[in-house]
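Heads up, the next two complexes both have chain A, just with different partners, chain B and then chain C.
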Partner chain A sequence: MRALFPLKQVMGLICSLTLTAAALTVYFFDLSFEAGSSVLLITAFLQAIIQLTVFMHAGEGEDKKIIYTGIYYGAFVALVTVFGSLLALVWGYY
Partner chain B sequence: MKIDQTLPLEYSTEQNRLNILGFWIFLGAEIALFGTLFASYFTLVNRTGSGPTAAEIFEIMPVIIETVLLLISSFTIGLGIHAMRLGRKRAMLIFFGSTLLLGLSFLAVEIYDFIVYIHEGATLQTSGFTAILFTLLGTHGAHIIFGLFWGLLIMYQIIKNGLTPETTNKAFIFSLYWHFLDVIWIFIFSFVFLKGMM
Partner chain C sequence: MNFFDRFAVPNPSITIYASMIAIALTVIAIIAGLTYFKKWQYVWSEWLTTVDHKRIGIMYLISALIMLFRGGADAIMMRAQTAVPDNTLLGAKEYNEIFTTHGVVMIIFMAMAFIMALMNFAIPLQIGARDVAFPRLNALSYWLYFFGAMLFNISFVIGGSPDSGWSSYFPLAGTDFSQSVGTNYYMLALQISGLGTLLTGINFITTILKMRAPGMTLMKMPMFVWSALVTNFIIVFAFPVLTVALAMGTMDRLFGTNFFTTENGGMDMLWANLFWVWGHPEVYILILPAFGIYSEIISTFARRNLYGYKSMVISMVAISLLSFLVWVHHFFTMGQGALVNSIFSVTTMVIAVPTGIKIFNWLFTLRKGKIEFTVPMLYTLGFIPIFTIGGVTGVMLAMASADYQYHNTMFLVAHFHLVIIPGVVFAMIAGLTYWWPKMFGFMLNERIGKWAFWFIAIGVCVTFFPMFISGLNGQARRMYTYSESTGFGIWNMISFVGALGLLVGFILIVYNIYYSTRYSPRNIPGDPWDARSLEWATPTPVPEYNFAVIPHVDSSEAFWDYKKKGYQLFRDPVQSIHMPNNSGLPIIIGAGFFVWGFAFVFGIWPVVILSTLFIFGCLAYRSLEKDHGHYIPVSDIEIDEQGGSVQ
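Our next item is the complex of A and B:
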């Protein structure tokens, strides 16, 4: 039975739940916009890293480099899309 | 077919390795897809017109329940893959079954949420904000629905054919998909719900 619950993955779940609880502080405490956004950015990206490395085994095969390149490229495209839109359409830098 | 015994079964052939690599590249494209939806959401979030705002319709409890359900389902499918690598078919099927049940519960809470929003006057056509809210949440929810059927078919094949290079490869790829949906939900949880209620 113990063999079915590897420590690494149990720790992964505990970290995910802890990070979720940490993110909830922005709801339960009265943080400034900047502080709240920073907390959310940090907890969300840490959670994504936990999923990728602990649960998705992204780095275990011989294709590690291509896999990470693809994911970084996807994340780059997503971030440019999001922040590009914010810059031009919301923050007014056009 | 050349089978390399030193690797886990799902990586054991060239075809299997390439299937997994191909799926990672697909996930890269999915990140970009959700990137465009998040960009639209951040652009439209304040365009509420005469409809309700984010703070008026969001409730914290259902969102916490959805997040915990999805986090645990991501954990159980991880355990399913671990059991698969140990060759424990029954344990793997139990973990996969639990994952799908948790996914179904997530979906039930999300649908309840949608019904609440609609009762509070936030429909797909109410405002720019509600349109992109339902589009973003709906795209994620549609992925979960698709995943439930996909997962059932994977379980059926494992029951029928056992743990072969093909079925383990399919199960591993499905686990990647499921973890990916969890990552997307974390971003929805943080930047749609928590930010909206901050």
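Our next item is the complex of A and C:
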């Protein structure tokens, strides 16, 4: 029975639902713009990670290393682009 | 406004009428020629619908050469205009259009296509595969590039060329300052061909990761394959930024949004920022495959293993990551503070380190080698000193405080031409000469090739070295004329003479192709250079399926070790081969995009809607189509006697 029960997927579903509920609090509580956006961003990225690892089987095939390398590379480029642009155009601009 | 008035060129001049006539004559000549020689069927079924990576590579190659001459003609006109002070050969607006077109054509439609040509031709052969991972997607990539290029090129004769520089900075590129449809052409043509490039990126990453011959681990791949893998990763992560920026720019111009305007909350500097977030990685998209080609050529003609294989790979991966960290150095003077400029100065200088490692690795490969001075090798050896001069002046430009003096002068123009020409153009001519026998079954003439090399190498130095001086003396780039008292005249005249030398060199290359096609012997072996990687294990001409038997690889110099150390490459029996079918759909979708882009440029919305539906219809057709490819039976497979595929 234990072998048949898809524990990982059920846990994934519960995590996803919890994160969705957490994201919903932004609507129901009177949060500031910064706090609300932070909650949304963090829950969104966690959701994406759960999707990739649990439901899209990113780490399960023989291509595990390649897939994660691609994701890390993409995450690096995205972060550098966003924070670099903020630095050049907002924070470091007089 | 009369409906047809919008298609008129805003500033007609003799050059535009001449190119209208030239375009008309070329089209008539092609149609008449194909009809007269009854070649329509052949061209359609063998070339336009092909999904064979080798033929797609050759089509990229032809397009790239045509674009090289298109961009080269622009370059000659610019040098002629500035050769003497107060010249009146070209007007200010015409000059703006010409330098814009020169930049876009050379980077997007010449250099990119050349890289795609050599990657398409060589990569599947080098990894021992029969085609790329998605052959039909590959054909679609080519046709998107081709129709993007055509859309850009007709801007010259219909509606007016873009004239706000190849970087097309807003607000200059906005509707207030660029009223003609030229910049619309820029936005949409780049969008269409950029889509093709993005598809190629995905296609080649998949091909290289999944379709290597058995035994070829990542660290046994030829260096050109490594460079292509890294390049395609950069493509996949950099091009989406361009896509978004172009979409926002298009909306600003056509739908009145305010992303890059100076009012209503728009931010004009955001365009420059996004453009270079793509634009700097783009530079490395151009240079890394060139590095790969040089690595192949150096180890072939020095007759030595590549020195420091592992450090070469690590350098390229480091360059690919660093290439995303430096883009602000393109606008040090935009107004950001010292902290920002310092950070991007340092990251820029750091890139010189992995690049330097690569240069030293090549020099160490040459050391004690039995160097053979063939044409590809000459270009490679010419590349090292000229590229180093370009690179060192780049480090000068990277110092933000000093850049306040250099920026927007001819010094910068000299720098990037001395990097891109030896870095990309030399590599492409070298690669072209190197793989030519595999592509066409005969060698290019070495004597004419060497003459061409010397004209081009000396021409580059004579053209661009004077710009360092005139730039430091204060000549701004993109000035269409200057007065005699500035003293720039002599340097620009020398530069014009150098440009004529380059022209002679490129004409010699064309003459070489003509001469060799007529007189070169055809019975050459499959491995005329005594080279080291798997593409030379195929017979010449390469059959549709590349390898009758998929090779097994045990070392990083698979073919060399097969020849010299007796490693076995072909161990399996011949079996029937599964190959993809040709398809007319890619060219039809490409043509659909051309109509879509053209209608979008002029805001003819009913046609935009219809062509959008048409494109989606084609995609739906493709999704529902059943195409299982075809099998080549064993009896039809030529057993390769030279490579000895079956013992």
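Quick note on the criterion: the second predicted complex is superposed on the first by the 66 of 94 C-alpha atoms of A that agree within 3 Å, B and C clash if a C-alpha of one lies under 4 Å from a C-alpha of the other, contacts with A are read in each partner's own complex, and residues count from 1 in each chain.
The rule is short, and it goes like this: a residue touches a chain if its C-beta (ideal position, glycine included) is under 8 Å from a C-beta of that chain, and two chains touch if they have at least 3 such contacts.
All values derive from a computational prediction rather than experimental measurement.
Asker: When the two structures are overlaid on chain A, which partner does A:66 contact: first (chain B), second (chain C), both, or neither?
Answerer: Both chain B and chain C are touched by A:66.
Asker: In the superposed arrangement, which partner chain does A:6 touch: chain B (first), chain C (second), both, or neither?
Answerer: First partner only, chain B.
Asker: Counting touched residues of chain A, say whether chain B or chain C comes out ahead.
Answerer: B
Asker: Give one of first, second, both or neither to describe whether A:89 is in contact with chain B, with chain C, with both, or with none.
Answerer: both
Asker: A:77 contacts which: chain B (first), chain C (second), both, neither?
Answerer: The answer is both, since A:77 touches chain B and chain C.
Asker: Can you list the residues of chain A that meet both chain B and chain C?
Answerer: After superposing on chain A, chain A residues 63, 66, 70, 73-74, 77, 81, 84-85, 89 contact both chain B and chain C.
Asker: In the complex, go through chain B and note every residue touching chain A.
Answerer: Result: residues 11, 17, 20-21, 24-25, 27-32, 34-36, 38-40, 42-43, 60, 64, 67-68, 71-72, 74-75, 77-79, 81-83, 86, 88, 91, 175-176, 179-180, 182-183, 186-187, 189-191, 194-195, 197-198 of chain B touch chain A.
Asker: Once bound in the complex, which stretches of chain C touch chain A?
Answerer: Contact set of chain C toward chain A: 209, 233, 237-238, 241, 267, 269-270, 273-274, 277, 321, 324-325, 327-328, 335-337, 339-340, 343-344.
Asker: What residues of chain A sit close enough to touch chain B in their complex?
Answerer: 3-6, 9, 12-13, 16-17, 20, 23-24, 26-27, 31, 33, 36-37, 40-41, 43-44, 47-48, 51-52, 54-58, 61-63, 66-67, 70-71, 73-75, 77-79, 81-82, 84-86, 89-90
Asker: Along chain A, where are the residues that touch chain C in the complex?
Answerer: Contact set of chain A toward chain C: 63, 66, 70, 73-74, 76-77, 80-81, 84-85, 87-89, 92-94.
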